[in-house]
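Across the two complexes that follow, subunit A remains constant while its partner is subunit B and subsequently subunit C.
Moving on, here comes the complex of A and B:
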């Protein structure tokens, strides 16, 4: 027996056991992995592109540019627009807070101007093109940036439209050249910048940014959300050439970027049939009755779909439904309980930011009781 | 479907209100009829717009539905009209959903949601008609409105 124990001890692989013990205590870590990760991602994208080509599926935007875009969106020119400095301030606050949390660099466009909104566009489209192009010109020629991020649907739409018009309409180019010449700034050339929405920005950078921050998956578990995109985020189709490009790209008929982002935070997205319908925003001043009725119908449809929250990504779409509690009660004869919350606020809270940090107190509808009830903060 | 009664936008709004507030058993009595009604109301709204604009509403179909052809006709040369493109498609979707399985437990809810979508279309087009000075929920009021604006007695300081 004694001999057997001695023999066992003599033959024990001491060196190997020591290594195993150390490996258990001190987890092995690969150093300087970031370059390897980039190389592997590049290789995967190359292979995917080759496979798609072999299958006759076309290039596929996701496969082609995903990695590049993630890097590109680390630093963008931020164009808040007029609404985000007024009634949509909560959207401004939450977008900036989310960017900071993600470790991204938002550089506000210097000395920016109104995009031309609906008012200028309806009276003189050429002037609207110039106003939007000036913003893009500053971003490109003065700030040296190649991406403009506009969270407001109106600004996003107008910049995209100006981009399209300048690329395709010589008259618009001529008008813009004259305006910028007299104004004393560099003329914007189509293609100098890419205009993106806050949804594009977040979708590309969440989980892929410097800190790899992700929303807590259990954050919005059990919260039923109707995602409302409004009518300008996807229309007209021809000014959004990057959309409808197959898997991974946004759809103009059934947009899903907000659904995807909030699903990553555990939200229970409901089927909302009015997700791209008109919110009545453009009617608000000229025909407030119709505007209110459109808003009330949206709220009722959200309730009928089982939603507790309407998530929004546009200050106009947000203020209509959020701003009408009295009209809601008066017209419907009862209170509607659906709360209107910006998607950036929901994502910010899902990443650990406080309701105050994302500006919930600035919202039109009081979402705090729901946030407390659902333990969202 | 294509032989829809000439409903005005106001008629459509009233009927949608009835459907939204109706009990399940009423909505489930004739699901196929309700589906056709949703489509017919959508078409009626589009016809109101086209007639007010002085156009002959098409009898053609796009992707199998006159409603989509009417929308396409209305959107020609009028990009902002596309703001109701998906609303029209949602009406078609709800119509198809009901017909796909009329006895499904959620059919009543589908009819109700479909009526809300039609109501949205009616409100949107009604609003556009008013803003364009083409009528107050029905194009027949156009001459009345024009007369109003031409009458100096109706001018306000």
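Moving on, here comes the complex of A and C:
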């Protein structure tokens, strides 16, 4: 081997030798190749994924697809929804502040409307489909974005539901043409945008954004947190096709994205059995006896599992248990001590934002004493 | 009809005698329990079709009575009389008079979708409950529930302006609804 190299060096012309030497330092490139490279890589990945799938192996190359998603989530259409402009303003503020801190671009959906919520769906589900599809249509056709991020569980659920109904129900699809034709905007076609929750968004971008900002690991050390996801984030399963897809995806029976995020901030997540229970928010006004009992279940279970904080991801889940302490105290005979804080607020504070910047003063349950006691800010 | 759900036996149909002796054997107390036969005098043969014609009720015919919905139900856990499986059974059998016995609690479904998640036949029981509640109101069996009034006030605002504003919805629904519980809900505090 050594002899061979020696004889090569002796016999080859000097020019060629120099060229080979340089090539080891600077690789030659075809100009204008990047697009072809991407196309080939895409095919290679598809092929690999198909091979692995055919053999029943796990998802390969997960790191790379995650990287693509991280890039995609740098700029998303932000759909706050009505609740985040009213009672859930703290969630709005903290989501925006967190996005800014992470160096991400949140573009609020222009002239957005209500997603239809539970109430319009109860009156007529088709109207809810139209209302939700209008939001997605604006994001896709007017703003040219392919991802809508909705922090409110209700909005997230409704956008997902509309997406599912439009993709699978020709009847609904027909109705959309009539509505959008009359109101003069482009009809939403299923698949134009991907709807994600603030949890998906944070999970893909924290630590991977332009500034590689991360929560401080020692932030919530020793703070016991119950992670509460609520009804609308995981149910019903069929409208969330990307969930329950094995490692790296969200589980509908035992969701864990919030646990993961808060664990990164050093929180001590407790085993909370009512992660996806219902807070009765739908009937907070019309049937307060039922909703008070459901909220009490939720608070008592959190206390029993040793939690000091319930981290929420939905304005209704936040206002329900944070509100009407008198009615609860009367039913239970004592006060409950657990505090309700949005997960975006906890993450924001873990990344160095002040409690005011993440809107703790707008919370329903007064969390300031706890934040001071645990030195969270 | 399955009778394993004890709550389905009406208290007035259960007869227990404190002191009872049969052929010299003491069968007092629950030993002498007698369940009076339930009499259904009339059927509404169109009941299932009527519910299926309302938004949300379309898939009721798929139900095969496994009971997963009731088992998963949030409201059933705090009120055993709230029983989606049983109501779907009654609707499919056309037993309108029996269904009407529960007319005042059917609207209490909190739409948590646990039933829809659990249902192996994609009946979407949550939507069926809403359709049933609407049916009761349309037929005049019950006045509009607080929940329906809230839904209507909310929807009107969305249709009118495209958005809702918390304060206006609460104001609107409380002024048009007979205030029963809502004052205690404490949403006023903000």
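Note that the second predicted complex is superposed on the first by the 315 of 377 C-alpha atoms of A that agree within 3 Å, B and C clash if a C-alpha of one lies under 4 Å from a C-alpha of the other, contacts with A are read in each partner's own complex, and residues count from 1 in each chain.
Following the convention adopted for this analysis, a contact is a pair of C-beta atoms (placed from the backbone, for glycine too) under 8 Å apart; a residue touches a chain by one contact, two chains touch by 3 or more.
Just so it is clear, the structure is predicted and the values come from calculations on it, not from any experiment.
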Subject >> Joint occupancy of subunit A by subunit B and subunit C, clash or fit >> reply: clash
Original post:
With both structures placed on chain A, which of the two partners, subunit B or subunit C, ends up touching more residues of subunit A?
Top reply: C
Original post:
Which partner does A:274 reach: the first (subunit B), the second (subunit C), both, or neither?
Top reply: first
Original post:
After superposition on the shared chain, which partner residues are touched by A:305: those of subunit B (first), subunit C (second), both, or neither?
Top reply: first
**OP:** Figure out whether A:235 sits in contact with subunit B (first) or subunit C (second), or with both, or with neither.
**Re:** both
**OP:** Have a look at where A:87 lands relative to subunit B and subunit C in the superposition and call it first, second, both or neither.
**Re:** second
**OP:** State whether A:175 touches subunit B only (first), subunit C only (second), both chains, or neither.
**Re:** neither
**OP:** Check whether A:293 is in contact with subunit B, with subunit C, with both or with neither, and answer first, second, both or neither.
**Re:** both
**OP:** With the two complexes superposed on chain A, say which partner A:355 touches: subunit B (first), subunit C (second), both, or neither.
**Re:** neither
**OP:** Return first, second, both or neither, reflecting whether A:125 touches subunit B, subunit C, both chains, or no partner chain.
**Re:** second
**OP:** Residue by residue on subunit A, keep only those touching subunit B in one complex and subunit C in the other, then list them.
**Re:** 231, 235-237, 277-278, 280, 283, 286-287, 290-291, 293-294
**OP:** State the interface residues of subunit B toward subunit A in the complex, per the touch definition above.
**Re:** 20, 79, 82-87, 89-90, 93-94, 109, 112-114, 116-117, 119-120, 123-124, 126-127, 130-131
Original post:
For the complex, which residues does subunit A have touching subunit C?
Top reply: 82-83, 85-87, 113-114, 116-120, 122-127, 131, 231-232, 234-238, 252, 277-278, 280-291, 293-294, 319, 323-327, 364
Subject >> Touching residues on subunit A, where the partner in the complex is subunit B >> reply: 231, 235-237, 253, 273-278, 280, 283, 286-287, 290-291, 293-294, 297-298, 300-301, 304-305
Subject >> List of subunit C residues in touch with subunit A within their complex >> reply: 55-56, 74-75, 78-79, 108, 110-114, 116-117, 122, 124, 127, 130, 145-152, 154-155, 158-159, 162-167, 170, 173-174, 177, 181-182, 184-187, 189-190
